[in-house]
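Lettered A, B, C, D, E and F in written order, each chain numbered from 1.
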Amino acid sequence: MSRVAVYPGTFDPVTNGHLDLAERGLRHFDRLVIAVLGNEEKRPLFSVDERIELLHEATHGWSGIEIESFDGLLVHFARRVGAQVILRGIRAASDFEYEMQMAMMNRKLEPELETVFLVPSEAYSYVSSRLVREVAKLGGEADRLVPPNVARALNAKLSRG
Amino acid sequence: MSRVAVYPGTFDPVTNGHLDLAERGLRHFDRLVIAVLGNEEKRPLFSVDERIELLHEATHGWSGIEIESFDGLLVHFARRVGAQVILRGIRAASDFEYEMQMAMMNRKLEPELETVFLVPSEAYSYVSSRLVREVAKLGGEADRLVPPNVARALNAKLSRG
Amino acid sequence: MSRVAVYPGTFDPVTNGHLDLAERGLRHFDRLVIAVLGNEEKRPLFSVDERIELLHEATHGWSGIEIESFDGLLVHFARRVGAQVILRGIRAASDFEYEMQMAMMNRKLEPELETVFLVPSEAYSYVSSRLVREVAKLGGEADRLVPPNVARALNAKLSRG
Amino acid sequence: MSRVAVYPGTFDPVTNGHLDLAERGLRHFDRLVIAVLGNEEKRPLFSVDERIELLHEATHGWSGIEIESFDGLLVHFARRVGAQVILRGIRAASDFEYEMQMAMMNRKLEPELETVFLVPSEAYSYVSSRLVREVAKLGGEADRLVPPNVARALNAKLSRG
Amino acid sequence: MSRVAVYPGTFDPVTNGHLDLAERGLRHFDRLVIAVLGNEEKRPLFSVDERIELLHEATHGWSGIEIESFDGLLVHFARRVGAQVILRGIRAASDFEYEMQMAMMNRKLEPELETVFLVPSEAYSYVSSRLVREVAKLGGEADRLVPPNVARALNAKLSRG
Amino acid sequence: MSRVAVYPGTFDPVTNGHLDLAERGLRHFDRLVIAVLGNEEKRPLFSVDERIELLHEATHGWSGIEIESFDGLLVHFARRVGAQVILRGIRAASDFEYEMQMAMMNRKLEPELETVFLVPSEAYSYVSSRLVREVAKLGGEADRLVPPNVARALNAKLSRG
């Protein structure tokens, strides 16, 4: 039986912290499905299609990775792709409490699906998509926080805006 | 002198966690007034009237319970109904800090009114109205998280939506 | 039926924060039993008898208060004195997690006994018996942190030491 | 070389907690620049100009203080005014995690700029602009939480609304 | 290649929470090695040999589980048994910060070894070996918190004491 | 007037995290006094004299730094060396609550002395003296966590032990 994990998130945009976590996940699973939450009502900076494209570029050549969008209940999506595990990163104690509530809720909805937490590299402990968007909007350099293709996309998107 | 507590919240909708807490509160007070915050500008899923109706059904036959809506300052409402205590549940450390700030602010506004915290049953430690709404909107079963009348109301509301 | 709460602790020594909390508790219960944990193996600064004497002096003239020592399981003590409630103060989020675990454990051992949390006055948010002992041992003035009889006892105890 | 710190925030409106922190900061720096974030898209209660005016009145006669608005990246503003330090207050553990992420991000953007945290007086540990606005909107007295000119401005603003 | 995880701890004694976590771990690994830290200088209630025996009894018939003692550095032990993963449970935000520091330290010492966190069932969210020992010492019933063989061993050990 | 800060701690032994923090502190003060707490009753790994010697070597050539031992109340020591500021590093939310209580207590004892918090580099966010001692005792390499002279001293001390 192959081992499959889902790594869900908004990825608006993908950061070096996300990539670090996905790479760690890949070592322990046969397939890692990055699940991009549509979330259109929250007015993301990048559309789902753009976010998926940025993820494809940033993980080019990685073996075992898949990138898909999803909209409904995460546990339904996980079942559809045959996953046994939900993968999440935690950087801070305050993250943790919300993540634990989600993990318990998802366990109630689908007892066989386990949520597994990894700690990202300390080099990315403060990097979040929200901080990246804010810095980029205000004219700061987000270069070391995101992969090069995302840095270019941020510049293009925000000079157009 | 009868002892009166106010249990304030949005209750959009009432969950099994709320009912567990109210039941615990009732053992220690002569009257427990559930105070439903209007909160219409935040676009609740259920109107105040619907939320009050759901609470009435779910607490049918309980002795000493009252359900009312309120809109202004909680300490004014508490004074009006003759309460000496504000009752709140806390499930997590992150809840606690916000709750403590509210408790201190309410103490400043009305020194005689004490905020009292209870811990809900661990079976409900992860249940919140927000998680219930999200699960129900996405087609998940919220049955074990809310009383039966609320489960029916969620189905009716969301199939209509 | 009279309402009885137990307020357990080591009280080595009682601080102004403890007295603030006991006073708040007294407004909501007919009897408040301060339960002094023996804890002799932890080498307290004051013996149980000294701690009880300091509490008696500091609460002199308060109506409804009792002070007793206990050694076994708190829920057994609470049953013996006829209490329905365990009273605890919480000052910080980190306190809270330990307190919540104790509350859940005590609920498992004695489901009818409820743990109730109050927030001490913000003026005492940083005062603990441990800090008071450390300050006094090192020659600092703990005057504004403890009642006058405790300040005197600290001076006497530590000049003797 | 003179020592300069920036104290950034929304200050909608300035509270006694902010003033306590600014006063502490002033003792350690030659110049303290209060940097008022425009933040107009979040629909503040007071406009930037009103917030600056309220700050000028509340700090009237203080030596070494300056009040300015800013909109872009905080590290750019800090460089422009010649600051070596960003000053922030922290009241609670949950504040702290967000503040630490901001501090690390700002360090990445501008390594020479250090974020320095002070603890406000415990008398203001629960006071925030958001709580002040909510209390005032609902008809509560915010008198002891804000300086007199802000209390008057809140009354004027909200009776007009 | 078989997948191997180490689940380290003191297990003094093993609780239902530990067993819940080990069972979850077993679903995702081919071998799960429970690593019992000697820790004799902390004067455990049960000796290493007793703790290992209690674990053997409690996991009797489980496939893929091994129980060993270790004393040196966890990363050395993990390498020796061929593990790619350290498994840990987290129940509370305060646990998490210490666990994250350990995870980062172990990553520094052995970059290929990943620490993976799971959340125990909410039914065991408050159960710890320390609380079990304290309750049993004071004469409380720890029956529902530990497996039956541990309950018997606690009774035997403590009536002898 | 020269600006003086005290940076107190046990420093058993000094780590790269401590040195990072001291270096940051030095940029903002004319003199930084590292205050080594005797703490002999806690059986430190290195004696006060050894710890001071290790600090002297590790900060060799730094301008403005002084290293002293102290035993009594920190606020008395600070007054004696003419400090206006106590410098502390915080790495995690759980650190913060204890640090805030100490800061408030020290403010009560000496209102003119301000506690100032800095965030160490994220590269050292998980490094503590305790972890360094444990790793070294168990035979791990602490090289990248401490300066070279401390790594040598750990090896010498522990092979002797």
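One rule holds for everything that comes next: contacts are C-beta pairs under 8 Å (C-beta built on N, C-alpha and C of every residue); 3 or more make two chains touch, one makes a residue touch a chain.
Just so you know, these numbers come straight off a predicted model, no measurement behind them.
Engineer: Kindly list the shared contact partners of chain C and chain F, in label order.
Structural biologist: In this structure, the chains that contact chain F and also chain C are D, E.
Engineer: Can you give me the shortest step count from chain B to chain F, moving only between touching chains?
Structural biologist: Graph distance in the chain contact network comes out at 2.
Engineer: Which pair in B-E, C-D or C-F has the same interface as E-F, with over half of the contact pairs matching by residue number?
Structural biologist: When the contact pairs of E-F are compared with those in B-E, C-D or C-F, C-F matches.
Engineer: Same residues or different residues: which describes how chain B and chain E meet, taking over half shared numbers as same?
Structural biologist: same
Engineer: Could you quickly compare C-E and C-D and let me know which has more C-beta contacts?
Structural biologist: Taking the two pairs in turn, the one with more contacts turns out to be C-E.
Engineer: Please tell me the distance, in whole Å, between the geometric centres of chain A and chain F computed from their C-alpha atoms.
Structural biologist: Measuring from centre to centre gives 38 Å for this pair.
Engineer: Where the centres are mean C-alpha positions, what is the separation of chain A from chain C, in Å?
Structural biologist: 48
Engineer: Whole-Å distance, chain A centre to chain B centre, using C-alpha means?
Structural biologist: 34
Engineer: Quick one: which residues in chain D touch 2 or more of the other chains?
Structural biologist: If we look for residues of chain D contacting two or more partner chains, we find 92-94, 97, 100, 104, 122, 125-126.
Engineer: Which two-chain combinations qualify as touching?
Structural biologist: Those chain pairs which touch are A-B, A-D, A-E, A-F, B-C, B-D, B-E, C-D, C-E, C-F, D-F, E-F.
Engineer: Per the contact definition, I'd like the list of chain C residues that touch chain E in the complex.
Structural biologist: 72-73, 75-76, 93-94, 97-98, 100-102, 104-105, 108-109
Engineer: Which residues, counting only chain A, touch chain F once they are in their complex?
Structural biologist: 92-94, 122-123, 125-126
Engineer: State the interface residues of chain F toward chain E in the complex, per the touch definition above.
Structural biologist: Those residues of chain F that touch chain E are 92-94, 125-128, 131, 135, 138-141, 144-145.
Engineer: Please name which positions on chain C make contact with chain B in the complex.
Structural biologist: That would be residues 3, 24, 27-28, 84-85, 90, 93-94, 96-97, 100, 103-104, 107, 114-119, 122 of chain C.
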